[in-house]
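Labels run A, B, C and D following the written order; every chain starts at residue 1.
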Amino acid sequence: EKESETAAAEPFNIAAFVPGVVAGSPLYEQLVEGAEIAVAEFDNATLKVVEGGFNQAEWEEKMTALAAGGEYDVIISSNPSMPFVSMNVAKAFPDQKFIFFDAYLDGHPQFSTHLYNQVEQSYFLGYLAGLVTKSKMAGANPDLKLGMIVAQQYPALDKMMRPGFEKGAKAVDPGITVDFRVIGNWYDANKAADLANAMFDIGVDGIITICGGANQGVINAAKERGKYVYFMDSNEYHQAPGTILGCGVLEQTKLVSEVIREAILGNVEYGKGTIYHARDGYVDFIDSDPLYTDNVPADIQAAQKKVVDSIRKGELILEVPEL
Amino acid sequence: MRGITKIYRETGLHANEDVSLSVEEREIHAIIGENGAGKTTLMKVLYGLEPPDDGNIFLRGKEVIIPNPLAANKLGIGMVHQHFTLIPSFTVAENIVLGIEPRTKGVFFDRESAVKEVGRVIEEHNFHINPRTRVSSLTVGQMQQVEIIKMLYRDVDLLILDEPTSVLTEQEIVKLFENLQRLVKAGKTCVLITHKLDEVMQISHRVTVMRKGRVEAVRYTRDVDCRELSRLMVGKSVLFDFEKKEQDTGKTVVELRDVTLLKKGQERPLLDHLSLELHAGEIVGVAGVGGNGLGELEDVITGLRHIQSGAVYHDQKDITNIGPIAMRENGLAYVPADRLFRGSSVQSTIRENMIVTNPRRFLRAGVFDQKKIQVFAEDLAKQFSIDGNPDIPMGMLSGGNIQKVILARELANKTDFIVFSEPTWGLDVAGSEFIYKKILEIRDAGSAVMLISSNLDEILGLADRLVVLYRGKMVANLRNRGVSKETIGEYMLGLKDDFPKKKADAS
Amino acid sequence: MKHRRTEFFVNTLSLGITIGISFLIVILMILLMSETPLKTMYYFFLGPFTNKYYFGNMLNASIPLIFTGLGIALAFRSSMFNLGGEGQVYAGGLVATFFLLIINESGPAVLGILVALISSALLGALLAGMSGFFRMKWNTDELISSFLLSSAVVLIVNYFITGILNDPNTNLLTTPPVNERFWFLKIFLPSNLDISILFAVLTAVGVYFFLFYTKWGYEMRMCGLNREFSRYGGINVSRYMVMPMLLSGGLHGIAGSVAVMGTYHQCLKGFSGGIGWNGIAVALIAKNNPLAIIPAAVFFAYLDAGAKAAMLHSDVTFEIAAIVQSVIFFLVTARAIHDFIRFRKKEVQV
Amino acid sequence: MNSAQFAFPLLHNTIGIMTPFLLAALGGLFTELGGMLNIALEGLILIGAFFSVVFAAFTGSLFLGVLLGIAVTMIIAWIFGAISIYLKANVFISGLATNLLASGLTVVLAFQFFGNKGVILFQDLPKLPKFTIAALQRVPLLGDIFLGHSVFVYLSWVAVLLAYVVIYRTPFGYRLRGTGIDQKAIRALGLNPQRYQIAGILISGFTCGLAGALLTLQLGAFVPNISAGRGWIALVAIYLGNKKPLGILIASFVFGLAESVSNYAQGAINVPADFILAFPYLITVAAMILFSIWQHRKSVV
């Protein structure tokens, strides 16, 4: 209440540029949600959400259109590539400020960037998957094989998520291998299911799925075959209890709402990149959900908790490589 | 039919104007008239293919409305079109029953009873065709029989035949007429559209003459003669006589040596060890019953089709299988039988059609000189009295004018041998005469001419030498002196063969 | 002459009616879907003209469409179907980027640009030409083979962009940017519109000239209208199965390199998305007339720009553009409408 | 890993993968035989996919959902056909337009009704029934490869048989084929060729509706663009199958196998994924060329 009075004088307009579509992408949903929370606290703040579609070649132009109008005090977005997409836009409109989440670029005076330690996020899941594949759970088999299905390859995936997941699994047993497959797009859910089935056929019993709309295919296939799925970015246990065994999340809603609040108040420091870790509370593994506690055997839960806690406390440090 | 008027919407053309026609039971009624006189249109109205703009149709005294061919069939009216409407990949029986198929259990096509019923109709009317053969392997004459059987299968009483003889050979025509007469005896009625006056005289009981969309006259055939009919048709009397200069033949221009053309899956060669010479200043007329290699000879001598053995020479130079482009460079000019599809591009302008054989000569610095083309086109139009602005699409011209454009174009280049195939198909008397005059001019100018035709009058009238093909083999090669139609007929049917030994040699 | 004028009148009128109907459908859709229909309509129809940025970008978006439209029209004119535009544009963009990255600082800029244009044209021509060649040699349906080849090419280009040619300094899936020397001059700041629009217009004129004033163009058209006739007339029919595909592919390749040098300055993953497909629509709207392709491409870009503006400033989703475009395609080639007008005109005259 | 162990699941998956191609291609065959190019298969599948799942969720019945989904697909197919045939539009463009319409319409409607342009998840949709006979499950080959698929798979086999019978054994089939070969001949018989063409297009709408329903119902969700190029492959299958139902079955199998192999190969061989993804297309081109060489040889001496 107080805050809104202090800043009531001038309107503060925010545009959220979504490089893709909101629905089905947890991080984008959280971007919008977080921004909405912050904006709701101020009478003078407005939010416009623009979906940029899947063609990254069009992002720059759409971003430019947003900046060109000059109506927005800050443009926010979420995606590792956005600082690079916006470089020329920033040059053309030097007064425009940008805040990027899930992205990192230090030193650009118009940008404020906020990156999550996704090595930790995927490490959580890799470790759990490792424990499960060695366990006697109904869907687990003696093969030391896990899988990863992605829509396409991109730097954050290759540099953080894939190594993080593998590292986590190998921490359980160095003999575990991770089978890696690509769909080629973000929407062919049926192909995702086919790929998942092909993996199950060769002895994989748990898959981490990072393929947007096509995730649905992986979940479905796993459910049918009694295998397991590990999910990134949001709490999705309810989608398939007992199939989705673990969810590694980023507290994007929280971070976005906090950062936007500061932005509206004029306290954001541009020109800086920040990395957020599990120890800061922005990267986490969901182990409190009853759908987790009820479906994962107690011994595995215990082993998992040990590792998760040590990362949460900052005892086990997993560095983010240079992107 | 009374007071039929038909206007084609797209062109605003009055194809029929206040036309009345009455046909009596059990008669053969001929309709004649120049191209475009409206004969086909009138019959299409009767058959329910074109709605009339005015007028009524009466059948046995009762007025009827015929919305479509199916209704016409039900009323006992059947029509055999000028261009066949058969599906080549279906069998004879399948083609005949199409549209009123016998069924089993109400849903399935009953192939067995189709064959049986068609077989019964064939037998009943004394045709000789196997209902199980594919239409694609039939001769033109047989296809026409299939069309007629198709109508008989539909149990029609009135049979309309649109120019049935234009694609048939003498023998096939005889056969057709026998069939028609038998049908009439069996109680059917025939309407016969034709351009050939002798046929009218030979078979019809009555004749209606049409001109420019109107009925010019109706006569009993026994009361008129050819001369009067042709006067009625064109308004003036036309004489068929070819004023032909005697002329010595020159050197050999083109020679075919042992040419053999095969088709995969077919044992009998399409052209069988054919040897033939074309001399300068000579017209070689090639006759034959359809399906005996005339079309193939046309394709081979113009380079459109490759032969498997033998050779072709031009001025002693081997030009075997050099293809159509090189053939033209060797001095070929060619007026094809299929003038709409092969001979012209109907969507292109007349101008564009005129320059196809030698576009290079209109280039200046690699670019078309539009003025030069214009002058050329206008020039040809004048020389050949072609009606029509050179800028309109070729397809808008009448059949006769299209043929003139083709002829003009083919003669515009320097040529030393020219192939005509069915040059007067579907043309009226005046048009044919123009073409004949040109053919003789070309010969007199010293070119070698090959005239492939199923019209024996044309061949006997024009050719210096007569060649007859039978089953792809040459069975006659005679000087055209006092040869009778009957003799040629015997060769065409394979009753006579002047070269039987050659065949033995070959095998 | 009279004939031609009537045709022109009929064409224009029927196009007008088509567009009118389509716009009515758009208005209806906006009324149904938008809570602020007036605002949405304003941006949809006038958005592209509200500022220089939108207007320039609309024209810029038409540039690759002109090239691909011309490519399609050339092939269509000789009855060949090039359904592989997407892959040819993409591959053209990639190979141009590749050479520009290699050349980088060396030699004059014009030389680099020429190398880029030529290499993209050659690669595009090769890809489409293969389908033409298969057609000529074995009668393999070029429509299907070009589509399949293109689908494979898109994936292979993806590999190069995300693999060995990927820019390590960015998180974008793209090659590094090419040297600024090769960037086409912007002529309508702040928009992206660059000088290549002139190049596109010139190319359209050139293609028109080629088709109607040269022997090859003439022979190509004759083959397109009637192959049997052309063979009979002594035209090398086989050549005109391959040549139009080569030219078509070449123009598609150039569309790719022009987009790289003019707009993107690097080969971004997926930049060719839609350029190839929309070229087909543009060519068909223009009835394969090279000069009519210019307005057709601009019109196409206008619809896209309008939908984008409506999405940015109002509450409808961008995909309504797809619906509008589909309605326009449906109607634009509907010959019945055309005939109806012609018929009417005749009656009035009579 | 021994190869037999691999072969069974590989083939089992192939059968699943080929089903949408097969269904769409069989319907498209009827359009093709009527003498029209059906570019719209892709869009029709998408329409079928969207409406089937939405209606299934809405009515709570898979059967009703599929039925209504097919009905909508046939309506769109009818629009495509009517514009091509009665308004005499170029089928090529109207086909492209149908695809465009489908991709636009599904997203716009999704946005309008679900406020969402991404995945639309239908949680409590009934599961697609699978066909398993416990007694036969153990029979080698049969159990491993041919059983345990969703009902759509078996429907598609029935469709092959049905297509064969309709095309070669019914008056409708004869008239349809006749229309494709020579419209004038059909008209001269007093039949209306346009009716057969429309019927051919409606049939393609029917089977594309089925194919689409399979894609979303086995998933319990709609994802924009879920048809993912399957309609194009189906079109290829029609040509590759030499425009015959059995040929189409084989062609669909070939493509399904190529795709299945590429799915398995991604884990097994160390080649960039994009190349493996391109493999089915390249295989199909190769098959097409070989097929045309064979046809060419047959027609030339």
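Convention: a contact is a pair of C-beta atoms (placed from the backbone, for glycine too) under 8 Å apart; a residue touches a chain by one contact, two chains touch by 3 or more.
Given the structure is predicted, the values throughout are model-derived calculations rather than measurements.
Under the touch definition stated at the top, subunit A and subunit D share these contacting partners: C. Across the assembly, the mean Cα position most removed from that of subunit B is the one of A. As a whole-number value, the distance joining the C-alpha centres of subunit B and subunit C reads 46 Å. In whole angstrom, the spacing between the mean C-alpha positions of subunit B and subunit D is 46.
Here the CA centre of subunit A is 77 Å from the CA centre of subunit B. The centroid of the Cα atoms in subunit A and the matching centroid in subunit C are 37 Å apart.
For subunit B, no residue reaches two or more other chains under the stated contact definition.
Of all residues in subunit D, those that touch two or more other chains are 117, 274, 277. Listed for subunit C are residues 155, 158, 162, 317, each touching two or more other chains. Shown are all chain pairs that touch, namely A-C, A-D, B-C, B-D, C-D. Those residues of subunit D that touch subunit B in the complex are listed here as 165, 169-171, 173-175, 177-178, 181-182, 184-191, 298-301.
Partner subunit C is touched in their complex by these residues of subunit A: 50-51, 53-57, 60-62, 64-66, 68-69, 79-81, 83-85, 92, 103, 152-156, 184, 323. Chain contact summary for the complex, subunit B toward subunit C: residues 9-10, 12, 302, 304, 324-325, 327-329, 334, 336, 338, 341-348, 352, 355-360, 363, 366-368, 370, 389, 391-392.
Only residues 79, 83, 86-90, 92-94, 96-98, 100-101, 103-105, 107-108, 111-112, 117, 229, 232, 235-236, 239, 272, 274-275, 277-278, 281-282, 284-285, 288-289, 292-293, 295-296 of subunit D touch subunit C when the two sit together in their complex. Partner subunit B is touched in their complex by these residues of subunit C: 1, 3-4, 209, 212-215, 218-219, 221-222, 225-226, 228-236, 343, 346, 350.
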